[in-house]
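All chains are identified by letter, namely A, B, C and D, in their written order; residue positions are counted from 1 within each chain.
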Amino acid sequence: MSKDIQVTIWNEYVHEKEYEEVKEFYPEKFRQKHAASLKEQHQSIQQIYPRGIHHSLAEKLKKGKTISVQTATLHDKEQGLTEEILDSTDVLMWWGHVAHAKVKDKYVERVYERVMEGMGLIPLHSAHASKIFRKLCGTHSQKLKWREDGQKERLWVIAPGHPIVDGIGECIELESTEMYGEHFDIPDPDKIIFISWFEGGEVFRSGCCYYRGAGKIFYFRPGHEEFPIYENDEIIKVLKNAVHWAAPVNGPQIKYGEVEARE
Amino acid sequence: MSKDIQVTIWNEYVHEKEYEEVKEFYPEKFRQKHAASLKEQHQSIQQIYPRGIHHSLAEKLKKGKTISVQTATLHDKEQGLTEEILDSTDVLMWWGHVAHAKVKDKYVERVYERVMEGMGLIPLHSAHASKIFRKLCGTHSQKLKWREDGQKERLWVIAPGHPIVDGIGECIELESTEMYGEHFDIPDPDKIIFISWFEGGEVFRSGCCYYRGAGKIFYFRPGHEEFPIYENDEIIKVLKNAVHWAAPVNGPQIKYGEVEARE
Amino acid sequence: MSKDIQVTIWNEYVHEKEYEEVKEFYPEKFRQKHAASLKEQHQSIQQIYPRGIHHSLAEKLKKGKTISVQTATLHDKEQGLTEEILDSTDVLMWWGHVAHAKVKDKYVERVYERVMEGMGLIPLHSAHASKIFRKLCGTHSQKLKWREDGQKERLWVIAPGHPIVDGIGECIELESTEMYGEHFDIPDPDKIIFISWFEGGEVFRSGCCYYRGAGKIFYFRPGHEEFPIYENDEIIKVLKNAVHWAAPVNGPQIKYGEVEARE
Amino acid sequence: MSKDIQVTIWNEYVHEKEYEEVKEFYPEKFRQKHAASLKEQHQSIQQIYPRGIHHSLAEKLKKGKTISVQTATLHDKEQGLTEEILDSTDVLMWWGHVAHAKVKDKYVERVYERVMEGMGLIPLHSAHASKIFRKLCGTHSQKLKWREDGQKERLWVIAPGHPIVDGIGECIELESTEMYGEHFDIPDPDKIIFISWFEGGEVFRSGCCYYRGAGKIFYFRPGHEEFPIYENDEIIKVLKNAVHWAAPVNGPQIKYGEVEARE
């Protein structure tokens, strides 16, 4: 019997906590300008994911028989990225938005080394701008267009034979979400799974597979702290499929460095 | 001084001729159903490209100093695909729509061999369903969604460093065009240059680069027999850039088959 | 409990049968020139795969718990490619060498449609020149360098995180085999898994993944009718992994053709 | 008349200077172990590139009519990477080996930003382990196999239609060189141009094209401080072709960040 895939859902867990705490993460200037909307935003968030996005996702992913889940946050010991946690992680799902800069470089390095060694990574939505994804891209992946207008998104399947779209229809519709638009400054994905259409006139590469080192990465755009994207069954199905795709394999032990001739 | 790139613009040249001739290409059933719109369509076409799309494109491409242009049509000797014409062709631009099936297999083979040997190929718009592009794809590239509703298209640049977008803005807007939507059943392009957004809710990989044999292929979606797409300066600029990108190089002479050991 | 993956191993089954039968497949000129070596070759083959390569492979693949196997040959009803057989095929493994031209176009079309719909395909060794692989490539995939000198090959893993190399070391050594060398006239693979080194001085892209339509294709170079390549445990492990990778998914039902606007 | 492409050849310029200076770059432990060979090595180098690899390359590249060249080294003002120099650089060629760690992070960042904005980059040979290439890869590109045994390398052309192989034969033979072997821990190149065969039994992806941001990168393996690789005319031809391929285009001005809806 094959072992469960062990998923760790990491969340910066800032949006979902009381507004007072959020304040310290937003730059002062931004807070003053957006004070009203921030307040409203963070109050609404409490109603969607009252225990945090990580708990909500964990509940849903656990329903897959072959996945076991733990959660971790920025506020935990070693920012939730201890060696122990990573030792028991096959695939790391990453949510971050306002606190990217708070994640310490030494933990980013630690996660990076794990990806190189084979750990799967699934950066969600605004994690396009996380330190770990930027480092893995080698480009300004934080650069894209955005607009929080709550309009419609439609994700079209581009790769009908790929395991990540198993059980999915030809497109996924999200009635109300934040827009991300091209140009998205990423390396060309090794495989594009979804391209999004947005009501306001933009497109976006929304599901992107990468092989890096011995690790596999699936960037998935949908998700938001205000809009209940993770209540959508197809979105959850994609995440489950992505966990299976990104799980490590028992790949070759490679000897790097100076070697003797084989011949 | 470097020689001009020799472009041949091949056009099935059916739409643009009088409606009577068109009749023989459309299946009887289709004609009966669409008689009124066909009539209207082909009359309007005469006003846009009175001498044929090939002549219109030729006029515009010639303005580039480094490109010389000839045209050919389905109605010419050997369907416009004689060895002589192909001998003097660096890059073949291909327009076809209603008469794909009329192109004889032996001439498709002839064009195919030229692409394998290094000739560039630029299939335009409905040439996604041409015999030559289908053969080069090895998939059902004729399969896509479509709708002739004259709504808006916006082509977003995905590859900002690529020579095909030299001199182009971050997107090209076409006020009124036919829609093509994903899933488009092509092999993943070696490089995607544009992704289109359509007013009706679809997306499309609209500028696709392929390397096949020693040849280079650029599929470019924009273009239509009714809507004056080829009057758009940015579209023409893309085509000129594509001609330069697709031009043959003086690549290696390769010995295939049984060979002696090198060591 | 998940169902077994159903593999059909198709073999032209010519080499392994008595020399008399082989004669009809080789061109006359070729037979006269190579009469002695052909005789010797086909006698030696009988000792390696006395019941045919398909039976030998079937025995080995069946040992994987999650794979069930049937075989078919060119000499069966409808050349072994009946609708019934394809209906019960998730992944088709293809061995062909001297009889490519004998496979009827109508059956090639049938297999092609199945790949477009999601069936996996694993062309082995000389199947690079089979009609079905050439059609799927859209290039002259029959073109490569070759030499039957029985020298050493070493397949280096290029993609350490890919499921096809699960359980494999950093390279696979084959003491004695036929050489295939670049340039190999294929489209760039969507993923290269192995690159081979040959004693005589050549290299080769030996494990190539393609997505085409809803199907997945893994071309795998190793294999020969004289050298006992399929006795190698790592080669068999790669084939088992490839079967799992190439198995169909329950992908989207796609509506192609004219569609209503979504908006 | 089109302007020359402005190439800057940057060299750490350590190997070629007297042995005394080299000492400070090599780790103490390494120096003690390899004292004799280092001494011999650096003496021999003086005979091959007496004024430095950068001057030797500059002489050869200048012979192309459309390329103008300047050089810079680690020992210059701001490590040879001033804003002024980068302002007058279309394509930066990078040689480094023993002094990667000496290049200051702030200058690496400066070069990185230029690549994102469109500057071409050609890392040579041991520059696979340079800070700038590692950052752009997002992987451990320093990891590979190596052996300084002065044996044969043969670079096979994989991409016969690519402009980088214009004027090149089907392979390039280098009689005596250092070996680099797979696995090479890079992201899959956007296009592989050459795969190398080595006498000792290894293979290597030796010519790798990447698009990153608006910039283009061509990693080219050949080159060494001891073996006179840059005396080889075909190697120089490849470098000239690569300069043309990597030159910036007048690409789109992209507006990133929050945007108004287009519709």
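Assume contacts are C-beta pairs under 8 Å (C-beta built on N, C-alpha and C of every residue); 3 or more make two chains touch, one makes a residue touch a chain.
As the structure is a computational prediction, the values presented were derived from the model and not from experiment.
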Contact-graph distance - origin chain A, target chain C: 1
Pair joined by the larger number of C-beta contacts - A-D, A-B: A-D
Averaged-CA centre spacing for the pair chain D and chain A, given as whole angstrom: 34
Centre-to-centre distance between chain B and chain A (centres being mean Cα positions), rounded to whole Å: 39
Where chain C touches two or more other chains, by residue: 154, 157, 159-160, 170, 181, 183, 188, 190-191, 199, 201-202, 211, 213, 252, 254-255, 262-263
Residues of chain D that touch chain C when the two form their complex: 154, 156-160, 170, 181-183, 188, 191-192, 195-198, 201-203, 205
Parts of chain A lying in touch with chain C, wherever the complex brings them together: 118, 154, 157, 159-163, 165-170, 190-191, 199, 211, 213-216, 248-255, 262-263
Chain D residues touching chain A - in the complex, by the definition given at the top: 116, 135-140, 143-147, 149, 151, 179, 181, 183, 185, 187-188, 190, 199-202, 210-213, 252, 254-263
